[in-house]
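I am attaching a structure below and will ask some questions about it afterwards.
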Amino acid sequence: MRVALTNFTPEPERTVAAAAKLSTSQLSAAELKETLTPVQIDKLLSHLISAGHLSPFEHASFTFVIDGISRACSHQLVRHRLASYTQQSQRYVAVKSLEYVTPPTIAAKADLKAKYNDMVQQAHKLYTEMVDAGVPAEDARYVLPNAMETKIVMSMNARELMHACSLRLCLKAQWEIVDLFQRIKEEVQKVAPRLGAELQPKCFALGYCNERESCGLFPTLKEIKGGVSTSAQ
Amino acid sequence: MRVALTNFTPEPERTVAAAAKLSTSQLSAAELKETLTPVQIDKLLSHLISAGHLSPFEHASFTFVIDGISRACSHQLVRHRLASYTQQSQRYVAVKSLEYVTPPTIAAKADLKAKYNDMVQQAHKLYTEMVDAGVPAEDARYVLPNAMETKIVMSMNARELMHACSLRLCLKAQWEIVDLFQRIKEEVQKVAPRLGAELQPKCFALGYCNERESCGLFPTLKEIKGGVSTSAQ
Amino acid sequence: MRVALTNFTPEPERTVAAAAKLSTSQLSAAELKETLTPVQIDKLLSHLISAGHLSPFEHASFTFVIDGISRACSHQLVRHRLASYTQQSQRYVAVKSLEYVTPPTIAAKADLKAKYNDMVQQAHKLYTEMVDAGVPAEDARYVLPNAMETKIVMSMNARELMHACSLRLCLKAQWEIVDLFQRIKEEVQKVAPRLGAELQPKCFALGYCNERESCGLFPTLKEIKGGVSTSAQ
Amino acid sequence: MRVALTNFTPEPERTVAAAAKLSTSQLSAAELKETLTPVQIDKLLSHLISAGHLSPFEHASFTFVIDGISRACSHQLVRHRLASYTQQSQRYVAVKSLEYVTPPTIAAKADLKAKYNDMVQQAHKLYTEMVDAGVPAEDARYVLPNAMETKIVMSMNARELMHACSLRLCLKAQWEIVDLFQRIKEEVQKVAPRLGAELQPKCFALGYCNERESCGLFPTLKEIKGGVSTSAQ
């Protein structure tokens, strides 16, 4: 998996802060943008988040080039509807090279791993045979497994990034999409450390875990009410 | 594939027409809804469409239960972002029974069909073996092919249905999603014939085909300019 | 202000529950919808909300006819983007009768009230004079005040209704839009009591107030950390 | 009215083209972005538009600071839901200086203009009197006219800019929002001439006018069928 932040709104944190300031100011947005100090920006972003005023974060947009995630993972990713995607098509691009993802739980068991590799290779071999026999790529791909790698370009604004990370950085999410959003967070942190720090699993904002069982980071509400500490589990 | 319209805004055409009428009337929407005659509704909907005033069509919502489409098809379907989806999860539901889709181009060739069936069965067998060996269902599914069937509940309003059908009823779209939207159109036509009639491939609105090659229904712009009639192709 | 729920997805709570159940079940949505008992539905909706799985609530859509809110209020309302609106136009409909909203804080002061009424009437008189002199209605309306009444048809699904109510039922929101969403909540409660009960200001979900000052219903985080009880304020 | 493009996705046209190319290529998006020539970019964008493949245009985002439009205009602007807005609030910011818009049709008639100016000044005077008497700014503003100026920050991607311009550059749209989008188009053209050229009223794509009456640029469908040339009108 490779994730690269290829484009983003320049000065994303200043842009968000200046827009937010506008709604309660007589100054123009251009004036505000110039005069804000880093300390003011930091304070303003903190206030917006604690007050739940998240719409100004939409003015900072980030475009990622994502290579080498499985189709299983991309199927989950594109369910986030407030974002833009352009994905490599299995309809138009014949899958020539065999690139696929192996989950760690399978890689950990030598016998299953061997069978898994063999199965994926056989599926791809039949795929190629069908394409060579005149079956359209869009139909031959029905035999390809979820493991096959795909490429996707995604644009998402900072508000939606915070929302998606709240769900996908939770350790109860599926391992590959957790991995993907950790890399997305790292990319954002390089250019916008303050925003990057806000990309957190939902338990940080809630103050508790709302999954059936906690990963240990925060106790569930049941545990809090029952007086059971997480470390005692 | 089974498509059932299980819920929809009652009196969808009257609802759209009454809302549209409101924007240029002194009457209340409630009054308008009662007084509109079928002829007036029909005329009003025609005007809205020819003038491109499509937002009133958003007030009519339709919920479909879709069973037995492939994961290849559902991956395309959920790319329509202005709609709501709840899909059967391969993460939480272990795939016990083997139900899958076979594209007609594969079914048509006896030898490939046999190999295809065999491959899907072997993949499912390995899936089951891995789940039995303790691999989580969410990881074991990486070996399952795109052909596997899924179930999905979709809600979409009439405006987005018109847009999605403009793309997906085009015969250049992928055969399974064409089939899906033809069934969706049939379901809508049963309860809202006027709206159903507007669910058409894009060429009907354009007056020409904007694909690289026409299916023959309408000529391409190049053919029109070049004076080549479609029947002469 | 008059708010009427004129259309909604039949059996909205059952619809949401059946869709949600689908994602973790082998049964079809149609089967699920028939077999769910009221107790199961209630339990399932509670679980979805506490776990933050809100997307199934999108399958229940509600259409309201709203008459007699001010343009000041409608301007705020249409900022909720995940909804559909058809509004009476001041461009095409000449404003013949003078209908406007008077805020209670103005109505409470006899002298200001008299001046306010007079000013609105004068503005409308000049509006009529300009229209009669050939100024287009779309330009003459520039002189009309924010107080002028408007009509709007709004469709919003249950998920977005919960979100909008979390913001607009907060007593720190503007009085007219609080009033509007209280009536919306009442309309929903009549046909879907379980869903209606979930339409609550944000403090109910947070467990504290995230405004600068609390209305007294919940303490702010600062008050909680400082050990100050709200009743002691 | 002042419109400034303060932020945008760097190299917007190259970004769109590289994303689009990805869907039918074996190369990575990063490789594609580097290798595309200006001629290839131009050709690719033309193809995407003629084929109606508009989703890649979503990867280019533009942020505008807009000062000095009327509330009448901003009310229309924010109806475009696939965009992000932060607007100066009349709830929190007391309107101290009197800045307002006068439509040309009113400015053209000396007597009406004088009455209009006088009315707006009186309304603002009463507003100030009410605020001084303790009426909250959010209520006092009910007396302020639609003409009052507002400031707004708007982010919109290139796909939605094309859609909004198709509606708002039509000369049948309201003069102030036509003016606004003409300035938006000029700002885009400075940094992305190819994209800017695509910001056109809907008649350019349709090849005819779908309003009741044409402005003369393109004939209506009725006129085309009836054989009436626009120049002969």
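Labels A, B, C and D are assigned to the chains in the order they are written; within every chain, residues are numbered from 1.
Basically, a contact is a pair of C-beta atoms (placed from the backbone, for glycine too) under 8 Å apart; a residue touches a chain by one contact, two chains touch by 3 or more.
Remember, it's a predicted structure, so these values are computed and weren't measured experimentally.
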Is it true that over half of the residue numbers where chain A touches chain C are used by both copies, so same, or is it different?
same
Comparing B-D with C-D, the busier interface by C-beta pairs is C-D
Taking the mean of the CA coordinates per chain, how far is chain B from chain D in Å?
32
Per the centroid of Cα atoms for each chain, what is the distance between chain C and chain D, given in Å?
27
Multi-partner residues of chain A (each touching 2 or more other chains):
85
For a test of understanding, state which residues of chain A touch chain B in their complex under the given definition.
70-72, 74-75, 78-79, 81-82, 85, 90-91, 100-106, 109, 112, 115-116, 119-120, 122-123, 126, 129-130, 133, 135-136, 138-147, 174-175
Mind pulling up the chain C residues that touch chain A in the complex?
50-52, 202, 210-212, 221
For chain A, which residues are in contact with chain D within the complex?
4, 6-11, 15, 18-20, 22-26, 28-30, 33, 55-56, 58-59, 61, 63, 65, 67, 84-89, 92-93, 96-97, 151, 153, 155, 157
